[in-house]
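A, B, C and D label the chains in the order they appear, each numbered from 1.
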Amino acid sequence: MTETAAKAGAETAMAVAERVARDFFARDSMAALLGIELGPVAPGRASASLRVTDSMTNPHGTCHGGISFALADAAFSYACVTWNEQAVGQHCNVSYLAPARPGDILTAKAAEVTRSGRNAIYDITVTDAAGRVVLTCRGVAFIKGGAILPPEELEP
Amino acid sequence: MTETAAKAGAETAMAVAERVARDFFARDSMAALLGIELGPVAPGRASASLRVTDSMTNPHGTCHGGISFALADAAFSYACVTWNEQAVGQHCNVSYLAPARPGDILTAKAAEVTRSGRNAIYDITVTDAAGRVVLTCRGVAFIKGGAILPPEELEP
Amino acid sequence: MTETAAKAGAETAMAVAERVARDFFARDSMAALLGIELGPVAPGRASASLRVTDSMTNPHGTCHGGISFALADAAFSYACVTWNEQAVGQHCNVSYLAPARPGDILTAKAAEVTRSGRNAIYDITVTDAAGRVVLTCRGVAFIKGGAILPPEELEP
Amino acid sequence: MTETAAKAGAETAMAVAERVARDFFARDSMAALLGIELGPVAPGRASASLRVTDSMTNPHGTCHGGISFALADAAFSYACVTWNEQAVGQHCNVSYLAPARPGDILTAKAAEVTRSGRNAIYDITVTDAAGRVVLTCRGVAFIKGGAILPPEELEP
């Protein structure tokens, strides 16, 4: 493959990732419920953020683990679909490292560790605005196959 | 210990579990946000339920994993505090086994596997109204110690 | 189904589980290396044990987590095959709860939590002779399908 | 801090990591049992390798998951002690991605993800000689504190 062709392929992959993730995000009702916003996307990668509100807290007054996990899970799902293949989360483990508080803006970054056959593994890290790690996840997705957006819609 | 004393002790433990979990639940803002209700409680055990709404779905039209996990995480936290000791969730693994849909009522049951020193492990299972298992979790809590409700408030 | 037929079916399932697990165990070279012995087996369940030797320790002088996990993983694999279907472990999480020491006899009990489609989940608990829990695991197996022993070999 | 001081500090940290990990490895009986060798070490990082033998296989004829996990667990423990602080593995998740076979040389690389307070998280990846990922782990260690080697022994 020539350098020009390689560059064109990378640009296409980037455009497809962006296109599919934005479409997927737009149909994610939970994202709207929690005020989750989609951030930068690349093949195998996606980020998402939310602002912690008072209604998202636990009795300790900090962001409920269920909310910070939901943000991570959302970013995981956006990263999963960047190859325009149907995929679903199967297993996930989460470690809570530091509390977040109302007013904090949390950002989740999901990145592919491996993807082969019908399995893919992603690392997801949620940080606050100061860069402190709030939680880390490792998620396993099952690649069902089948396009999310029809290939003809994705042509330049 | 006589049989009468043992029975009285068990009754007290049950009353404390109920009292502390209800107090903790009442201060859980995320529970209110998602419409989570507290179910039966016992020492080391708690259940909670929610009705899946359209606003809780993912782009597949099924209940978002972030929501069903949040329910499990809530039940986990209520079970953790039943001994009237401060505790926080540290790690959790979740496996998604079946989808849930808008209108479904999901119930999470959390039960202690082990509790010794500063660590406790809980299994949490989320089922739909038909008894189908939607997800299973295993959570690790760190026992910080210190009472949640002052012991004098818990006296019969 | 009559009660007699149900009883006959249960007896057959038990005999198949026993037969397949023993055959599988006999071909498990790691079990021989570590001195693992197969214990009671039932459909979806298996146990295995080993005696901790000095050569199995870590620098703390206690049984290395790699060894106690290997025992759990072996019991997991024996439980997986009790339905006479090819299966492989895909994911596993382990929590170390108490140390074991040279001379201790550890027993791992694996029990099916769910099995549907191509996925099965097992809980595995390793205890010492005093019944103290040394570690707990939760393992996910992928059911490849295909018989392990030819059905005609399993006929009564 | 001057650039010279920073460079000297980094050199010291590297020497301490190397020294403590080699001492720890030398007292690891399981490593000797399985033929595990210690590879490169740095602060928060360690690698270890082993050659898969026929006696390490499962009934599928591939390297038993218990063995490849034991290698990962060993590398995890060497990385944990590189700061010359007592630490023990508490929880670990493993995903098996590809089989290994007798004759394969497996290498585990453990790298710190976070370390704060009494908790540290490590990623461990096991690859074969061709660079194919055989398994990935994420481990949680509890930092007990207390030196492994007396500080005076570590002075240049």
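The criterion applied here is as follows: a residue touches a chain if its C-beta (ideal position, glycine included) is under 8 Å from a C-beta of that chain, and two chains touch if they have at least 3 such contacts.
Just so it is clear, the model here is predicted, and its values are computed rather than measured.
Touching chain A and chain B together: C, D. If you compare B-C with B-D, the chain pair joined by more contacting C-beta pairs is B-C. When chain centres are set by their Cα atoms, the one at the greatest distance from chain C is A. Per-chain CA centroids place chain B at a distance of 36 Å from chain D. Centre-to-centre separation between chain B and chain C, using Cα means, comes to 30 Å. Those residues of chain A in touch with two or more other chains are numbered 90-91, 93, 95, 119, 140.
Taken as a contact graph, the chains are fully connected, with every chain touching every other chain.
Per the touch definition, chain A reaches chain C in the complex via residues 90-91, 93, 119, 140. Those residues of chain D that touch chain C in the complex are listed here as 24, 27-30, 32-34, 54-60, 64-67, 69-71, 73-74, 77, 88-96.
Contact residues of chain C toward chain B in the complex are 93, 95, 97-98, 113-114, 116, 119, 121, 123, 133, 136, 138, 140.
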